[in-house]
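Take a look at the structures listed below.
In the two complexes that follow, chain A is the common piece, with chain B as its partner first and chain C second.
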Partner chain A sequence: MSQFLQVMLSGLATGSIYALVAIGFTLIWQSAKTVNFAQGEFVMLPAFFVLVCTKVLALPLWLALIVALAVTVVVLGVLFKKLVVEPILPSGGIPLTIATMALAIFLKESVKEFYGAEAQPFPPLFPSQTLNVFGAVISLQDICNLVVALAIVVVLTLFLNRTRTGRCMQAAAQNPAVAEILGINVRRMVLYAFLINGALAALASFLITPVYLAKFSNGEVLGLIAFIAAIVGGFNQIRGALAGGLLIGVLDNLTATYVTAEYRAALPLVLLIVVILVRPQGLLGTSEGRAV
Partner chain B sequence: MKLVKLLAISATAMAIAGAAHAADTVKVGMIAELSGPGAPSGTNWRDGTRLATEEINADGGILGKQVEVSEFDTQTDPQTSRALVQKAIDDGAYAIWGTVYSGSTMVNMLVAQQNSVPQFVGSEAPAIVQKGNPFVFRTSSGAQKGIPDLTSYFKRTLDAKTVGIAWVNNEFGKGGHDVFAAQMEKLGIKVVADVASEQGQTDYAADVSKLKEAAPAAIFVYMNQEESARFLIEAKKQGLTMPLIGEVTLTEAKVVELAGDAAEGAIAHVGLTASATSVPGIAEFVTKFEAKFNRHPTHDAIKGYIGAWATKYVTEMVGKFDGEAFSNVMHGLCLDAKSYPHMLLDTCWDEHGEMSRPSFMVQVTGGKAEVIGIVNSN
Partner chain C sequence: MLELRNIYGGYGNITILNGTSFRIPPASITTVIGPNGAGKSTVFKAIFGLLNIHSGEILFDGQDVTGLSPARMLAQGVTYVPQGRNVIPQLSVFHNLELGGITAPDQDRVRARMEEVMDQFPMLRQRRNQKAIELSGGQQKQLEIARALLLDPRLILIDEPSIGLSPNLVQEVFRTLQRLRDQGVTILMVEQNAKAALAMSDYGLVLELGQTRLHDRADKLLADPRVGQLFLGGHVEETTSADAH
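Right, the complex of A and B next:
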């Protein structure tokens, strides 16, 4: 029982971080109609901003996290939109998708060049103690990661559904032309989506890097799993990305513990194939028609 | 016409200058894991060879020739490493230094063998010296020599009746796992959890949870550096209380740096350790390395350093740059630290290229690996 609880909790904690990254995929898809294949690197980079702040600028951790969050929002939100998305988007979605692949390589190699190929330690945000819950010893760090990640998703959902700006963002994503006629500043709404994506990437980075360690190649696996999570859950729904992330996190751990650890890396891909065959719009996604 | 003459004279002068330069130098290929999962090992190995090369050249080079090292990055990919060994040999390398990862060495050592080029490797998988390759030489003992030294610790010191094994499923990990499991069987200690993980794995929650559930008296951890650090972090997170004991990597400086508090208390048997500063040669090496690279060396740095110096010592014994003759002298050779100070410890190689020398038991205390015992060479 203790093992099952710990495995479930670890799976949910990791899955909730996958969900944050996957939500970024859906936001960018809805606002720019493109898949950001640099999303994994967007999660890798903020950890290095924190390390620069703590080691080079000698800032305390809490301030380093705030500075890194702000820098990430500017660099991966504003600059990404202005320098990559806006100039290439008029040429179509596919050139932009390819541009994000190039951006992923650029970010990865830049970090490797400036910070080195070796992994770096990253300070944990929460105490690494254990709690005794009904006789089961479980990790406090996992509980904190899960609570924080889910709180971020809840706040984001409330923002999108309960505030005027959030509803305007949704309107701009669903039908930009009609939204424009209704007086919504579509360009600004799209910018907000990029800013939120940058912030989500930074928060996911702060939560996962103490366990993964800061390394230039971290984005490869994270980006792939989050991409699959977004498709499995439903690429056009935030709740779908959340469900996909949690599902993959839990299934991965359960498989590795009770079935086989050898093929755990294949599990997300198997899940992806099954979902595409059985329910192409994803578990919680909605079908979208497209004229060809 | 004058221009043609001028060009011809310039070309001839350049060719002569190039030939003179070639005659004054001896080429060596340094092939290591400078990126990818093996980067912590490879970069330390490279820096050890860099320090040694500087010293060797300052000492007059090898047989009066300055050492010219070409560095190659395998990206921790065995096939790439094979191609790079070939490239280094095609470029005229007299010897090869590297690789560190056993999976790469298993693939690329055949190229050096086919070309009769001596190769010093940092790899520790038993199979490397069991293939009958007369040109491959270790810079630290293989797992089949090191792990038996460690297993008595489980029996005598811990009096363990059960153990768990957490190992990385690559050539290095599999070699160590097989030797350890066989030793446990011989000692009558039951392996109650045998958990394999993948190279580059980031999430160890399931692995640690399986070990925790099996509740062995102690756990043998045999992984590469980053994986070891991630495992230790997860072990602390889940409150794993049994002793974590490794061979070589578990208490390495890089692992301790990455794992932080989570590495506290970890124990390992190491062939070489920069914390063995009671050995004068190692203390001096650590001082020089820290002054040059501004960081603490790992055992891979010491291995690279020893490999480079062994190349000089043995070549000068042979008296010429001859791979075959080098190989013949190396088998059964012992270099004592008094006569060959840059070997740091008394070191011998057997007829297979396996090496023997004293080793250490270390434990992480206060963020540093401290020597808790010395094990004589076997």
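Right, the complex of A and C next:
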């Protein structure tokens, strides 16, 4: 029982970080109909921004985090939109999707070239103590990661639903033609979605890299898992992406502990196939009508 | 009130409007009719800043508003209700309505208008917390019209309001438009259901190949054999300058 609790909690903690990345996927999909296959690299990169700030510029960690967040929002939010999405989107979704794959390789190889191929230790944001709760040994870091990630999701959801700007973003995503005739600045709303995606990627990076270490290839697995989490939960719903992320985090840990660690990498793929066969719109998603 | 002077425009290189000209008076309902592809909806897009206008001018209350963005047109007092379904599906009825006033500088005024508009359309108040997608087609259309009223528009462009509505609801929508007209709002409408629309309108305008063929009092157009011919799929043979104004 105590082991189960431990496994569940650490699964939820990792899953909540997957969820942040998956939510970014859905935001970009909803607002710009772009499937960003560089999403994993978007999470890999901010950790290196932090390392550059702390090691090269000798900034304290808190300042490094703020600078890295800001740089990520500019580079992976604004520049990604202006230099990759806007020029290529008019040619269609497939060319853009392929371009994001190319971007993934570019980011990965650049980090390898300019920073190094070795995994780098990354300073933990939270003390690495353990707590003893009813006999279960629980990592404080897991709890903090889970709390912070869920808090980010709650704040984002409140922003999208409770503020006028958030609702304008929803309008621009759900029906851009109508949003325009209502006088909403659709381009600006799309830009906000890219900024938020950049921020989510940075925050996910800060939370997960202390566990995984900073490595140029981190994005490969992360991007795939987050993509699957978004599909499993429902690509067009934030709560779907959240559910998908948590589900994969927990199932992954349960499989590794109680079945076999050998097949844990296969599990998200199996889940993906099952969901696509049984419920193609995702667990919480709504099917999107295709415009004829 | 609204005047189009020799408008040429279209999508990309395709020209749909070939010198469209007409003028509509304030506090009136004008219905635009014409065969498919005549450019009826395109005229609305041209007025509302959603179309590439190659040449010509659009005047609203004597001011040149040619090519102004939708946000600027809203500020001028013009709203547009396009064809088909135009709600934000996952937002509540209340928040859909609120978006109609999103560009207004005075949001307290918008709140007050929302209450007034919900008095006019009690269904919206009953369903204010439901998602817009859960409304029936007719209810969604009412929501769109209500949303278009939030900014106290002086001109409403409404495209095919009867599509997908039951005959009863069509009459209700028409009555709403007439009530607005009586309050001083000008209405320019495109309607497939030409006879019923002309019967409730003050003026009618026949558009063909992006040009105004006929423009007269609605009752005269209804009695005009050339218009009858048009309903049967024919063409208006000769160009008549029947501009009533």
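Note that in this section the second predicted complex is superposed on the first by the 290 of 292 C-alpha atoms of A that agree within 3 Å, B and C clash if a C-alpha of one lies under 4 Å from a C-alpha of the other, contacts with A are read in each partner's own complex, and residues count from 1 in each chain.
Here, a residue touches a chain if its C-beta (ideal position, glycine included) is under 8 Å from a C-beta of that chain, and two chains touch if they have at least 3 such contacts.
The structure displayed is predicted, hence computed values, not measured ones.
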Greater chain A contact set [chain C / chain B]: B
If you stack the two complexes on chain A, which partner ends up touching A:R167: first (chain B), second (chain C), both, or neither? second
Name the contact category of A:G11: first (chain B only), second (chain C only), both, or neither. first
Which holds for A:N175: it touches chain B only (first), chain C only (second), both, or neither? second
Identify the partner contact of A:I184: answer first if only chain B is touched, second if only chain C is, both if each is, neither if none is. second
Looking at A:L269, would you say it contacts chain B, chain C, both, or neither? Reply first, second, both or neither. neither
Quick check on the output: what are the common chain A residues between the chain B footprint and the chain C footprint? none
Inside the complex, what are the residues of chain B that reach chain A? 34-36, 39-40, 43, 169, 195-198, 202-203, 205-207, 209-210, 212-213, 226, 229-230, 233-234, 236-239, 254, 257-262
Quick check on the complex: what are the chain A residues that touch chain B? 2-3, 6-7, 10-11, 14, 112, 116-121, 128-130, 137-139, 141-142, 210-213, 215, 217-218, 221, 252-253, 256-257, 261-262, 264-265
In their shared complex, at which residues does chain C touch chain A? 48, 50, 70-71, 74-75, 80, 82, 86-91, 95, 98-100, 102-103, 147
Interfacial residue positions of chain A with respect to chain C in the complex: 164, 167-168, 170-171, 174-175, 177-185
